[in-house]
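Letters are used for the chains, namely A, B, C and D, taken in the order the chains are written, and counting of residues starts over at 1 for each.
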């Protein structure tokens, strides 16, 4: 390697991680988080900072909460924010997220994507939970960085800091993506103005059952996903006096639900379908005029997900028609399938195995869930480039998405080393 | 009463009944039966005989069997028929039935409707079953006059014979209606050319649990009915290799069937729905490309039946659409609701209670099933006239529609007396 | 009539009605209402007052809210209550309601039942709504006496006051019944200790589309009803990673719902079934481990309601079993069918037509809904006695169960007159 | 190779194939076929012949036709058979099939399985269909060797003839298996007395899209399958008069069918489910008392098939229970998953590529359907041995299971060469 990297020291990374851990915000509500990221980017001194509408195509955002909820989080964030920031004007209304750019002349463009949103989980408050013990437990009761996105933000900032003064030729972009948990932000960022020139796209995730010091290069098997909010609307009538006079939204819904589970298996591979969040307020003495639910489908490939989505839509519409109701469904989250490229995987394994803190560098993490970094990875592929996921191991006491999840802060440095080495190596010696 | 009636003697009526009992034919296949009726009408010497297409609107026939079955019964009938008859040319292709007319100048028109078809039931062959013992058991194995339509034909012919030489002024018409059991003929006869001038319409039924000598005037409660043949069509595929490539007619059918049973109850009164005769030949390793079934709905009123029919049709179409199949449904039988008129009921009770053989004359038989004489009754009502059903009691050893059903031949004379007295009284002293 | 009745004057009745109108409480939460009723009973000077557990069999109460809700209403009521009352100790925990008794020696026992609960409806606040204009609009925002139970309480108290000083021989009992709207209190009161000796049972309702001055004697056609709370419980799993590992409560629920609507119609008469209040919180990426809903069935007779209930229970259990889930269902409301007795109807019509304020006394109100006064009426019948409903007309601007419902206070006096005349006449001249 | 093989000459193989082609018999009805096979085995002079009950565990036969159908085929076969044979006594009642054994002292036991049943397909009769043109078209109209089992029988007999006089040490067994098409015979043969000592099991199939001269060693991907006959039984009632009095088998069936398609996808791999052959004779005016259907499930592995089967059984039973019906289901066909062993595949490729007539020897045919040779292969594996499938290419004008299917008779010699070389090589030089 022809470059020297100065990884930020441990305490700097720990500070950053704890700062963000303490104030978790859900998807499209990362107002304070975005403002703080921008502050740090200014401190680091990157060449460009694009915020909110300048960072993505906001019309492609999925699953944006309603006005009241956005407003509530926005006000809370502004109250908490120390000092002034014109960032707030840009991000109001759920336009969170940012892209940071280091420009170093001719050369390839390398992208790193980190996600920044938190989960609606109440953080553990036992003495054996380090954030509680040490004093940086979530201040937003009921919300928590329970999937390590606080560490991911730290990876993004730390890697910029590490790379900034290196002698490389090309462009380095870090995508601070909102709303990954609900698969709402990947599509919007991939549709934004900063992805087109990216030749190498790196996604990263901490933990996933791998210990501190382990690095896994490459991810595959993530299912493509489509999630929708569904609302059947009928007409009420008295269930005793005039059952025939209603247009029964419960009957429309249950017919749809029965049948979406029965969509034929597909010969090309795995498919999934599930229905949740049922809601209807009409008491039993009233024929229901509304039922809402959430519905998701998945597929081994984007095409299989689309097969399921098309069948679901046909089923919803026919079920509504059958019971003389109407149905609305709107996309609230989506991810495509895109596996890592073998050449990138090999490069990362090579590099990682030379890094001291890395105790084991292996290939291919198998995912069963869904991730919307795939949109950004696919953009790189479609432009003739390459992409990979890199899993940075960390000892985590509780599972992801549970109240006792925590990261081993020793792994923060490992992540920054691996990610910055990978980025710089791609400038120095492009793969593919 | 100003007229004298000569009821045909017992042995004549018994002969007629046995003649028709011996050769039962199902709906729209009453070829031999129609030819024999016409022979008898010629012997009696009525003024007009209208056969088949001249007796009804054949385009309104419902549930006509397929060509092969019609042809089979037609050939059998022609073979059996003794001598020549140009009736066969008229009725070929399922145009059975006849209307006989006695014209006696000015005066009201009175109609009597009798049905002539038999059932697909194998007649009992034990020694205790009189037709077997006496030697006039069904020659058409598998078919039987198990609902007394042989007696009804006898009522029709006997009443014409009884009335023929009476001194009355007006017109008397007897409608020998095909296909009552499947509710296929009533609509066609009511749409024919002989109903418009009918002011008084009389329907009749033997038995129904009433003993010989009992007469019940008036019938009500018959449900309106709509029966359809339903066929879903999809596309086959191999259930193991490509389940998604098919368009599954079984799934379309079961979704429809689930939902037709769940059509909301109606505040206005009783409704019914049922599915039968399922058929699909594709083995389980093939996604089915066809499923057929029979479906019926009923209602306390014609409107309620139509409510159910409309909901069923919507359900069938939506279920087909849901599974990307098509569906065909065609009407195979229909009856409307039409109760007897009180004035007619009173008239019949009055008359019947004066007849010697009548031991009890009561009012209102409650029907739960369906009958298509209602079409003819409604025509009379719509023209400002009146209609009634008359039940002629008979001791019947087995229930209607069972292999041991039989009629007490003593009741044949009772029926002819009551019906001819009723008809003549209406000429003499119109009600309403 | 051998007695003289002193109907309380108009302003007294208006005061009472407004007092109760102003503080509406839902079923089993009528804490302040019960305490105030007891105060009035003490003022009137009845012979016995039985409160809460002394007034009914509390183990038969249906649809009692959870502890937290009871506690909340209880505290609010106690805070509002002016002065002390040991009634509160008795009624804490949802044991509301009371029975008042006038003992006048030998003679029949006559019962009058009035219901005392309110509805979860926000009262209109426009100037054209008299309670708002005049200043006694609901103080419990979101709750309202929108079905006239404030007038019913007034009928109960006013009738006691009117009858108290009359010279009659026998016993008069007024049942102040909680939780009629949800059909939760009738069964418990009918199972209590004060019903056994009641020979004549009178139920009453204001309004129902009849104008001030009109009285309708007798009610019939109320459907028997059974309402249950249903909860399916399964087991969660990740819908993408392990759909087979869950036990899907949504699938169990929708199979049950499809099939309860498809319970066969019954030959004996009308039946009803409906499902409402769907609730399940699991998001779509989780196989749901719980779904709850409310379900009601009705029938033309108690037997028909029970036919439906039994079929529903079988369906729920089989659907749970099919999807390896469990299901709990608990009765939250019930009413039986019990029509008024003809002899009582005639008596009431006779009496009412002689009362000056009564402009029209007619027979038989047809109900399509359900009422649990039927339990008390049936008790009287079962003891060889008689029962009737009496509808007291009132001009009501809005419909029952709507925010603009109101009663014409002129009708309060009419009601008290009719009810007290009826009661006294039964002592004087027993029917049956 | 240390042995010399004398492959039977072309005309002998062609004669055999045409003999069997001309008289196709369906599963468990291969009476004439079995008798003719035994004749040939006697001509060849094998050491042991085990027929019917001596060849398998007849209690494990699946999908055996009913008595009448068996009897019909049996009589037809006996009439056609030239001369006497005591084989018929053994095989009467559907106990067809045979095992032939060559004993040559110490050494391994090698098994070859060939299937002998035909399909219910009407053979093409155009001039361009060689069996028609040449004169050996099916004599059993409506049945046809449309999947090459006539060639498989020829492979079995030809290989015995080729191997018989070779100098090898060990035991060679050929399993002439009945009823493969419906997956009825494999389980019974694998449960029989001749499989336990088999160390090497060879299955074979002709065609499958491969041309004459091509040989494919190894098969994998066949889905495990379970097929059942399902019959719901309820109780009839009149759909108009007493819908509630029936126990509706149609409702039970459609609820089951809806839900079997909705059995959750499994994380471990592909599953399948399908319903076919619906049958119910009750007309729509009768609540159905019986519905029958055929149902199959498949899985990527035997465990996945069993997961589906268990869920199907639970669903059937719960649906019956829900509608107060009963349900019977009986296994009519089954196959497990068992892929070929790599060491065997390599051996076959090696050998085949040295055979002159073989133009291409490749590895791994991917199957999507199901085959019950897997039972016999698994037995060998379970005993510590090895198994493989060998596909013998043939130019076939029509697809398998179509009326124009035919085999290129040149491939008969190729098959016998490959199979006999493989068998002998395993005696000489055991693999594994």
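What we mean here is this: a residue touches a chain if its C-beta (ideal position, glycine included) is under 8 Å from a C-beta of that chain, and two chains touch if they have at least 3 such contacts.
The shown structure was predicted, so the numbers you read here are calculated from the model rather than taken from an experiment.
J.: Using the stated contact rule, I'd like to know whether A-C or C-D comes out ahead in C-beta pair count.
T.: Result of the comparison of A-C and C-D: A-C.
J.: With residue numbering as the guide, point to the option in B-C, B-D or A-B that repeats A-D in over half of the contact pairs.
T.: B-C
J.: Can you give the whole-Å distance between the Cα centres of chain A and chain C?
T.: Inter-chain centre distance comes to 53 Å.
J.: Nearest whole angstrom, what separates the Cα centre of chain C from the Cα centre of chain D?
T.: 70
J.: Can you list the chain B residues in contact with two or more other chains?
T.: 241, 243, 251, 255, 258-259, 261-262, 264-265, 267, 272, 287, 368
J.: With touch defined as at the start, can you tell me which chain A residues reach chain D in the complex?
T.: Its residues touching chain D are 258-259, 261-262, 264-265, 267, 269-273, 368.
J.: So in the complex, the part of chain A that touches chain B is made up of which residues?
T.: 241-246, 248, 251, 255, 258-259, 262, 264-268, 287, 307, 314-315, 317-319, 321-322, 324
J.: Would you mind writing out the residues of chain B in touch with chain D in their complex?
T.: Spelled out, the residues of chain B in touch with chain D are 223, 225, 227, 238-241, 243, 250-251, 253-255, 257-258, 261, 272, 274-288, 291, 293-296, 298, 368-370.
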